[in-house]
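Labels run A, B and C following the written order; every chain starts at residue 1.
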Amino acid sequence: MNVNFDIQEKQAQPTKPPKPVIKTKDLDFAYGDSQALFNISMDIFKKEVTAFIGPSGCGKSTLLRCFNRMNDLINSANIKKGTIRISDIDIYNKDVDVIELRKHVGMVFQKSNPFPKSIYENIAYGMRIQGVKKRSELDETVESSLRGAALWDEVKDRLNKSALGLSGGQQQRLCIARTLAVKPKIILMDEPCSALDPVATAKVEELIHKLKKNYTIVVVTHNMQQAARVSDRTAFFYLGRLVEYETTEQIFMNPKNSKTEAYVSGRFG
Amino acid sequence: MESDNQQQRAHIFSRRFSLNKFLEISTTFVLRFFTYLIIVLAGYLFWDIAYKGSKVIFISEAPFINVQFLTEKPQTLHVFEPVDIDSQLKAAKADILSKSIQRKALSNSNIEEANAYTLAIKELNEEIKLLDIQRKERRLLFSDSEFRNLSETPSDDDYVYNTYAYSGGGIGPAIIGTTLLVFGSILIALTLGVLCAIYLSEYSRPGKVLQSIRLSILNLSGVPSIVFGLFGFGLFVLYLDWGVSLIAGWFTLALMALPVIITASEESMRAIPKGFREGSLALGATKWTCIRTNVLPYAMPGILTSSIMGIARVAGETAPIMFTAAFALRDRLPWEGLEQSTDFFFQGVMALPYHIYVVSSKIPQNEYTQSMQYGTAFVFLLIVGMFALSSIILRVKVRKKYDW
Amino acid sequence: MKRYFHKELTELENKLILLGEKSHQVVQLAVEGLIENNLDKVNEAYKMDDYVDVLEMEISHACIRYMSLRGPVSSDLRLLVVALKASKDFERIADEAHSIAQKSYRLLTTEGSLKNTLNLSEMGKLVCELVNDSISCFVKEDIDKAFLILKRDHEIDAINQKHFDILSNEAFRDEMSDAARFDLMLISKSIERIGDHAKNIAGGVIFLLNGDQ
């Protein structure tokens, strides 16, 4: 029996101070007349997984979609007050090109939405619209993205088959791979596992854990266990307000706010 | 005994009569009856046209298809009927006429005599039938060209000579004209309609303005076709001075097909799941890229369906082309005798629906025009069917390619 | 499929084993120090207890963290419960060993060497073995060995009972001071308690392996 590690040494490891990449400050957001977010201020840290939890309709998706300006698509949506800065640039400034922003901040949707094209074309899509034509470059990125999304081994023999033939979990990982292919720095995921079975969910979670090394990830989830498993920090939202934002350990083991406590322990409402 | 009782005893699921059930059954019956009635009527209509038309189109000899009818220009029919039979027929007909007048004059008083007249008329009718068969066997039919090529015309002593306009030759130019009209106008309508639909479904902001635009487009489809005809006549033929021409017809017909195409295309574009758009926008696509790569291809089946509806609306119309594009008779094919290539667009053409209209309302009716009418109608049906079929096939193909 | 956080369970297991080894070491040092009249060993045992306490706290924190964040069920959950209990037992074992060391120190410094009237050396050896076995049956997932521990604990109880009889015997009173006799009694009692804890750990292992209480 040999146990080869030393506790003292582990404890001595210095924890690097995390670096914020998305800084939201005093954000008020409204759909037309109905305000959806109230005074949100939070920093999201680099190369961490941040989970958004909260009951339905509390504005998690809304905030997430603010980060890559997906809300621009909704006519009535507007920011009333406050700023969102990514890498210290106000993303709602006039001189910000939304296209560039979205390349930098990728998004994976709740309902996996592979295009009805081949698997290969799905991944290559992002590069094709950027004008990449060289076959070798496309091939390379397709492979590396699929490997990155832990899907390569499952689909390498049928890259030219329709992506719709994949299982739900594979489709969701395909969408993640598609996002990876445009080389973002931040990945937003809106309930990426809501339609998946536990095995597929586990695979996506593994993937998130793996991606954490290179990407900053924000994930919205209704599955408290999932938030606890994958995230480093957790934000609890309620009725458009940020109630508590702490390390995941803190939120799940010893939340400060009684609402958070009730929500994470399933005693809400 | 025991089991008998049990069988008869009503249980909770046993059948019971109720007014609702009676209503249910009778409603079903009424609905079924009217549906079948409509089907029967439509079936009769098609069968009638197909039966009478195929007599003209199909022949018993070698190619089995009346190539002449399909390819030749409309011509005057020259008919020579045998004098003897003609006079006999005339005599018999006059006889019938006088006899029936006499019988009427008898009134009810003399039943026996009246019966005798009726019998005589019947006999005469039989005779006429026989004579008619003979006449059909022995008569000589020539179209213009054949007539001109005859070395000698049949002598007036043996034959009675008559000419019937539009009843000879074929409908070749009309087939070509209709094909050109339908093809061109659908091309124009699809282009304009899809552009408009893209704007409406993707770019425009929802609101009062958009609503009223939609409403007016919808109303446009309810405008009577003759109004389109007059509009086209005023705008294209007179104001733009295109004359009665193919291009004026194209635009007039395109205007007519537009509402259907816009509405259906917009609908099919809006049916594309939001996820496709969001997915591609989130990857950094511009709006137009997103539409081009991720909306239009998948909306294609719907757009093609709309073009089928457009064709159905456009191809059958007489009124819009009456003043704008159609000639009653034109013996040149569209590509014959052009001085410069643009002339192609600025010439009138013949068209099947207008041809039917002309032969059935502009000239005296007789047995020879009837075959022309039915033949044309049948060919017309086939052509419209073919257009629709080809877009259906195209749609199925596209559907297969982009299935979700 | 093994999930990334299953590594934490392995780490926890390793830590628990480490804790076992450490408490075993404390017991061994204390008992050997007493029997061999070796003050160095006794001192060392006396000092090691703190380290064991830290380990125990770490383990229980890790268990609770895992339970609240990972949602463990079935064998994972049993492992956590057993780890929680066993770490407590190990900590108690080290505590008892600590008090043995404390009393040994006093005995050895006041009385000099120990007379061999008591069967402490056999008892000590037995209890060291038990503690060691309780660790190894956990490591090797050996349920038979665990059941054996349950039985062998009785031997220690018997010896302890004998010691009690001897020490309360009138004849023995003259041989040493009352304080020394009390210390010896407590030492014997402590060893017996260590055996009990080892037994508890074995019970935990049985629960872990076949799921029965």
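Definition applied: a contact is a pair of C-beta atoms (placed from the backbone, for glycine too) under 8 Å apart; a residue touches a chain by one contact, two chains touch by 3 or more.
All of these numbers come straight from a predicted model, not from anything done at the bench.
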- request: Once you've mapped the touching chain pairs, tell me: line, ring, star, complete or other?
  value: line
Field: Pair of chains whose C-beta contact count is the highest in the structure
entry: A-B
Message: Can you tell me which chain is nearest the middle of the complex, judged by mean CA position?
response: A
Task: Report the chain whose mean Cα position is at the greatest distance from that of chain A.
output: B
- prompt: Distance from the CA centroid of chain B to that of chain C, rounded to the nearest Å?
  reply: 101
- request: Can you check how far apart chain A and chain B are, centre to centre, with Cα atoms defining each centre and the answer in Å?
  value: 59
Statement: Chain centres from averaged Cα atoms put chain A and chain C apart, in whole Å, by 48
Query: chain B: which residues touch two or more other chains?
result: none
Statement: chain C residues touching chain A in their complex are 1, 3-5, 14-15, 17-18, 21, 54-55, 58, 64-65, 68-71, 135-136, 139
Query: Can you list the chain A residues touching chain B in their complex?
result: 68, 70, 73, 75, 99-100, 102-103, 106-107, 109, 111, 113-116, 125-126, 128-130, 162, 164, 175, 178-179, 182
For the chain A and chain C complex, residues of the former touching the latter: 1, 3, 5, 7, 199, 202-203, 205-206, 209-210, 225, 228-229, 248-249, 252-253
Statement: Seen from chain B, its contact residues with chain A in the complex are 205-206, 273, 275-286, 289, 293-294, 298, 402-404
